[in-house]
């Protein structure tokens, strides 16, 4: 991040409300450095401008929640629900992220350099998530659209009750959830994987090393023995 | 539904400041649990042949602590009382912890024993965490390690007895964030096994469960692993031991927990912001405990 | 040969066993509980005579305004009447039905509520005041709509199914519904029962702060719970920072849920309101955090009794759909073709509603004229309010909020125990003071 026109905000000195208000203002500075986030919740939520915001430390719940257009970089780890319901823009976390990262996110890109814990990309609705480390259990639970790339391993029940989201895992998968199956990694998938790895600036993993997982579509409709009789 | 904090000192300087650190962590978790607060602090281990008893007097009438001390001294030979507040006291007695606790329960029916052991002292009260920290001058406490809890009561009453930590045996206690869904049935089973309960609180059942398993010969680690089979619902537990603490999250792991470690301390909290207040937190190793796995610090988990 | 029907295995029970054996799946339907439960019909109001003085009907003022969200929000919701429209999704309902609700509610100065399917332009455009629901599924959830809303309702549960998630059968997942929900067209959609990124009141507090931070602390935050462990749930919603608690009793409707859930989970509204009010009063928050109740509200009598028990406002769902024309007698022949009859139709999940309300079929939906639907709803709401005022004036109240539990008596011991008002003609409330 260039130092030109960089605005610094110290969360140890001023309240969260003041920070979010200034970041949400449509005519404010575009480059921000936030000091002493101190694990605070709801830092840089509801942004809707082409901002570059760097958070200098760990953050708590819902960092960059519902983000639109902004690029938010966390120079530390993030708590529950980072980039929840993100619509667009980018959220980059240098450390680990807690559960429900990118929950229900509709668009944009979340990149996690460390690991993500449980329910990463739960209810994903179109965003892309790239985790350079591993993800915990129930990754991509009920994920509807979008893509999850895991450069490390995936925990139990990956892709449980998955809809149309596409999952790529380089390492091991502890177990697949209900209705999630391994699928063929075809050229178009390699192409999109390369794009995602490049977008996430992952330079130490080749697309060919990944395996693809997706929905078997077996849970899409109820299936009693005699389907005709209840319709 | 609550906030949990735990701090274990690996360096003398941290132990000197243990209460001050704990107090800040506890107050930071105040919004997760505005109803009541409590701490278990491990300090000043007594000599062999002695035991400490943390007593609380519910109700409003004044307590004759001198009389309590004299009664204990008359029975066991020696007793020394240290008041933590007008209704909270720690009595050191020349007795074995289990026997002391049983005898005291019968001798002082109006008092509640919150803990018994060689190092543990529990203070808890149904007041907001910030007020709690001020009222009991937490800042001034020193010790080797401590757990703290801030409570947002779910289904049981907001009382001092219903506050955490809950004693689970000599020098053992438990704090809980979450909500158990089979505690009523389990409480009936445990009552039949002779485990006593003071409240309708779900967390007290978890504490009672650990006491029962360990009474039956399980190590703390085995007892905690038994929780995975026998306790239904959502939980993050922290358990204080005579020389450390242990952490367990249920397999679904919805309730938060963060751990951090430096050369000087190990800490856990419901949220990172409580850990951020510790010296050197910015350079600590920080991680989230995995579901269904027992983490522990200290020399060894008690048999 | 015996002609005696079994009370245990009656015809309904036998038919359900046969249906289960045939299909291998539970029965799914719309609407609320059909069994009889203690309800407002079991309560009566004590009109004034000598000891109290009534207000003159039509002449003397009986105010009905209610403000929701006075605790933290910069812009509370100002309603002219104490009746609002409960959350119902676009998906369950046609766009025309949502527009009708907006038109009717706006005409009466009250609000409507989105549902488990996001906000449509029709309902935003035609609702002067719109409450935007944040549900576990997060279908269509986005910050632009959040900022466009007049209030935000965090949905934890609903009366028809506390502890359960939503459902929308494939027949109703049209292209537009699918697009709004980011789902493939035509699949059965079962929404989550827990929110994806928080569990429990301590985390809810943080979620509420996030919503406030995103919307500049302007909008009231409602928390909606299905009536079950009401005393605790209401207390915890307040502790988590709610401006308004929405309490939905077991008679509350649903577009599609398992019959076993609708009939067997949750408690009646009558039993839930006193618990909620008790929790609010103990926290010193009654009237500070407003209480909106729903689940079986039909008439002004129901409204007056709910307010007397301590609610600040009521919400109508099923009744509003009936007002729009659901189950209308003139459609009886068409309901018969669906194996039902006007007044009984509850297969709301199938998307074949001939009234054009509970459907996504363009031809069926086009049958509902939103202007006409809106007028019918406004008429119905106006009647509810007139009835409520009539009863309040008879009890000597110049504002409907001045109705009190002491203005009520119960006709049955059950209702007396649940509503905590005396059995008519006695001073006895079962369970009170150990009696």
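Order of writing sets the labels: A, B and C. Residues in every chain begin at 1.
Definition applied: a contact is a pair of C-beta atoms (placed from the backbone, for glycine too) under 8 Å apart; a residue touches a chain by one contact, two chains touch by 3 or more.
Which protein is which chain? UniProt says A = Protein glxC; B = Glutamine amidotransferase family protein; C = FMN-binding glutamate synthase family protein.
Quick caveat, the model's predicted, so the values are computed rather than measured.
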item	value
Chain contact topology (line, ring, star, complete or other)	complete
Most heavily contacting chain pair (counted by C-beta pairs in contact)	A-C
Centroid comparison with chain C (C-alpha atoms), farthest chain	B
Centroid spacing, where centroids are CA-atom means, of chain A (Protein glxC) and chain B in whole angstrom	37
Inter-chain centre distance, chain B versus chain C - centres from mean C-alpha coordinates, in Å	43
Numbers and ranges of chain A (Protein glxC) residues touching at least 2 other chains	41, 60-61, 80, 99
Junction residues of chain B - those touching two or more other chains	254, 256
Where chain C touches two or more other chains at once, by residue number	203
Residue numbers on chain C that touch chain A (Protein glxC), as the complex places them	22-25, 137-138, 141-143, 146, 170, 181-184, 187-188, 192, 196-198, 203, 206-207, 209-210, 213-217
Residues of chain B defined as touching chain A (Protein glxC) within the complex	252-254, 256, 258, 271-277, 282, 286-288, 290-291
In the complex with chain B, residue positions of chain C that touch it	194, 199-203, 205, 229, 232, 235-236, 239
Chain C-facing residues of chain B, complex	1-3, 31-35, 152-155, 177-179, 234, 254-256, 270
Contact footprint of chain B on chain A (Protein glxC) as seen in their complex	38-41, 57-61, 77, 79-80, 95-96, 98-99, 117-118, 136-137
